[in-house]
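So, here's a batch of structures to check.
Next come two complexes built around subunit A: one with subunit B, the other with subunit C.
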Partner chain A sequence: MTSRFTPVLVVLAALALLPLFVTSNVALNFLKVALMLALAGTGWNLLGGYGGQFSFGHAVFFGTGAYAAAVLQVRFGINAWAAFAAGTALGGALGLAIGWLTFRAGLRGSYFALVTLAFAEVARIIASVWPLTGAGSGILIPLKVGFATLQFASRAEGYWFVLALLGLAMLLVRAIEGRRFGAQLVAVRENEDAAKALGVDVLAVKLRAITLSGAITASAGAFYAQTFLYLDAGIAYGPWISVEALLTAIVGGIGTVWGPLIGALVLQALSELGKHLGGDAPGLGLVLFGAVLILVVRFAPHGIVGLARSLRPRRLARG
Partner chain B sequence: MARLLASAEHVTVRFGGLVAVNDASVPVPEGRIVGLIGPNGAGKTTLFATIAGFQRPNAGRILFGGEDITRLAPHRRAALGIARTFQIVQPFAGLTVRENIAVGAHLRHAGRAEALAAAEAVADRVGLAPLLNLPAAALTVAGRKRLELARALATEPRLLLLDEVLAGLNPSEVRDMIPVIRAIRDGGVTVLMIEHVMQAVMALAEEIHVLAEGRIIARGTPEAVARDPAVIEAYLGHGAAAHAAGGQHA
Partner chain C sequence: MPLSPDILIQAVANGLLTGAIYALIALGLTLIYGVLHIINFAHGALLTAALFAAFFADRTLGIDPWASVFLLAPAFFALGYLLQRLVIWPASRGEDRAILLVTLGLAVIVENGLLFQFRSDTRTIDHPFGFDVVELGTMLLATTRVVAFCAALAVAAGLGLFLALTDTGRAIRAVAKERLGAELSGVDVPHIYAVTFGLGTACLAVAACLLLPSFYVTPQVGNAFVLVAFTIVVLGGMGSVPGALAGGLFIGVVESLSGLMYGETLGQLGIFLIFILVLLVRPQGLFGAKA
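Entry: the complex of A and B
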């Protein structure tokens, strides 16, 4: 039996080789942003896809990772790598805190979704008035390209860095799939009462999932900060990233390790296409995303991965 | 009497003004098959839920292995060795039969491979082995009942709570299930079963408790319970016992 990790490693290796052949800045930028969205979506997918807890507010993690990375460097002079790690950890801690408040109170389904949305909005409003986060004018990380400052000399370097993050996240998810925690997480998604009856500590499983989920999506936010070097509340905590995070997973294939990556590439391509066709008409991208979401939910509830699998029915039956 | 494995003692459960279970006590001796019967709405499932931990009683306590577990969460009780099935089957519909059972097996087996192997062994015991790769959603009613049983068994319980695992099965399916349940008991698992299918309870249970309107109205061997006038009245209505006994009052 070849390892379950092999396909993931092969695809990651192929993606790592891409910049050797693709040198266009436009293409590399496209890929870099797509992988960042895939990373944010992989965080969402762990909680929403595997655990069935739909968050509408993953911006709260993305933004916290981004702001923590920026604020720790700019205001406190902390090393960029340490700030990056701190941002990721803070996302996890915030996930645990939000999970503790919501899951312990028994919030599920649309109630959980609404509360996460509220957390993200509260964070956005705080960030837009708090001097520490630069309030309305945002925060700028001074440009200082170098290894120590985690700023990338070329687009390829940034691409490799985000690919490494995504790779780690995907391997983590794949590892979870094959462990007790993964089985219990899926059981919680499918039927909480049955899971409880079988000895699953539902609260503990959800808390673990939201902690990891928050950390993964926060690392995408920290990467955003290191790449674009500027944040404001609307970027970091804006609903756009909450939407993108869940869309990549749902369009690509919810609850699968590949979903967010495939979904992010497709959505990012659509979004570029939308810009190309509609110029800068505001909101056109969202209209396009909305249409895609409706089509996916109606015709391919398991996303592109599910569509591909249904073309090979014999494989599906083997599970 | 054998040593008690578990017991519900003077359990009362109220839902608003409705008293669903009223001062009911059910002792469950180790190694037995104990039946809990009663007309619809008698409170059987509610009493059951208090033993499994899904329902807090308003009064009374639940003992297991000599310890008071009244305030313990369901997953902690499962870890102690109490497993339940659901009257309305609750499969993990999106998972295969093997994966469903493995969730239960994971309680005692941390490793994925061991859990899957344990799941297959359990599937063998309840006759699900040929269906291991099917999605749970594709099972028939009888298959789903077996899956409920298999998942619960996979947690390697000391006490198995069966909530109408025979309901909805046709007579030949019931006949197939009876030896399965008996074999579980013979394997050292104590069984407390709620059942509507009388023929099955009479065949399986060594003692029966009868619940009506939240109260235990009779207990004893299946034969004694079946003859008990209070039981006959509870099932068939006031005056029915006399009628059955020969119609002296008619």
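Entry: the complex of A and C
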């Protein structure tokens, strides 16, 4: 069992050493944002990749984590670490609530994708009019660098923090893979009716998955709030994060531990390329994302991880 | 806030006028769903593209939207046909989850391509009838919107007749009901799929030309419509043409009334809540037989 964790730990250790060699702020920022997207994608992947429930509205978790962290600090004076934890927990609770509503109603496939999209839009509209969340003008976390305020003096520290979060999430997913819950989740993805016939409590399995998924993606949102210190409804609950969360997993390799990390690095590189080619005009990066999404679905349905595995002669169990 | 009956009637009438356009957009969506069994997430982005096409036909070529619709509807039919034939079908191999992702990818490409090209500026045209109104009892209704209402209903009726009476229409309905049976009777299913997608896209071109005289264009404008259209389709029952019509008019009125009472942003919220509620409680829709 322990050997399954070794590759993950090795890669995490290698990533942790990076700031000792890479000192460029541009490069560290690049990596920091990529890891944040990988974290959001790891949340999506647990539900969508392993469980087969495609959410088009993971922004609802990302935004809730971000707003909870910001609002609890700014409006209620709660400690940043506690606010961070509360944001993550709230994301999980929201996942449970949304899952309880939608999965109990039997929504799956396109219907589930649609309803998650609608939840994200509802959240976006509420956040854009509610005074507590700063309504249209957004919310600003006052700059106060320090350990207690969870604001980092150097980019390397922020990088290590998000790496630690991602590492925990990846190890959690790896652990789930080897447990009964993981097998049941994959069974639900492959054939829900068959899983039910074999005695899997499908609803309970889906609810566990969406709760963990919501919490993981919410922690990425809380990290966003701590890093950029400003939120508005379009950033926190905007469709961009819903799309990026699912893209990282799908491009990297859906239903694999590595998928979101690899996908996030590739997509972040594409996004930089878009900025480079398109200048200050927005949009080009996302055009590239859309094209990559279609190409991956067409030519590499298991993403980059799937391509790499198909190049190796020995057969590995998927999942 | 006390509301006089006149204001209420006016709001209902305006809601019906908008609702007819919604119905036309939803009609395209529900047709594609009914036959191909896919939810076309690119619908909103294609509507935006059609609005831009109509805008530049007016601004650059000087063709009024009411005239350019006769060019744009066939052009968008061809676009939809080719998208289905060359992109969506080959890329997704007919797999549900893959289709979802491919249409999402298309939406992202079209929307952001337009954003990149035209920035997020708001564009409008000056229509010769832009400021005219029609008096109906105590109501004053914008002429462009009354024309749009009538044209949208006419197009919906025309589409219904096409599906009911022509050979292609019969083939479309046959594929929708029983794909394998239709295939065995000699229907070219990939062709019918593409024709249906083309028809759905052509509906968007018509809707765009009708909207433009009284509306604006931005690269994100389609999003607002598409979620409303999803709501209508879900409400009316996925794949049901009369459902889309009734749902469109109903949502138009709901939006207009809730906008009047709670302001525009919260009015939108009401639509999404209806949407979630219908999906949770009755996903087969109010008119649909089975999801």
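Convention: the second predicted complex is superposed on the first by the 311 of 319 C-alpha atoms of A that agree within 3 Å, B and C clash if a C-alpha of one lies under 4 Å from a C-alpha of the other, contacts with A are read in each partner's own complex, and residues count from 1 in each chain.
The rule is simple: contacts are C-beta pairs under 8 Å (C-beta built on N, C-alpha and C of every residue); 3 or more make two chains touch, one makes a residue touch a chain.
Note that the structure is a prediction, hence the values are computed from the model and not measured.
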* Report for A:183: first if it touches subunit B alone, second if subunit C alone, otherwise both or neither. => first
* **First, second, both or neither for A:202, with subunit B first and subunit C second** => first
* To do: Considering only touches as defined above, state whether A:291 meets subunit B (first), subunit C (second), both or neither.
  => second
* Asked: Of subunit B and subunit C, which one touches more of subunit A's residues?
  -> C
* Asked: With the two structures laid over each other on chain A, which partner does A:111 touch: subunit B (first), subunit C (second), both, or neither?
  -> second
* To do: Kindly list the residues of subunit A that each of subunit B and subunit C touches, one partner per complex.
  => none
* Mind listing the subunit A positions that touch subunit B in their complex? => 178-180, 183-184, 186-187, 189-191, 193-202, 317-319
* Show which residues of subunit C lie in contact with subunit A when the two form their complex. => 38-39, 41, 87, 90-92, 96-98, 100-102, 104-109, 111-117, 119-120, 219, 223, 227, 230, 234, 265-266, 268-269, 272-273, 275-276, 279-281, 283, 291
* Structure fact -> Within their complex, subunit B touches subunit A through residues 52, 54, 73-75, 78-79, 83-84, 86, 90-96, 98-99, 102-104, 106-107, 110-112, 115, 133, 151-152, 154-155
* For the subunit A and subunit C complex, residues of the former touching the latter -> 52, 54, 56, 101-102, 105-107, 109-111, 113-115, 117-119, 121-122, 125-126, 128-129, 239, 243, 246, 250, 278, 281-287, 289-291, 293-294, 297-298, 301
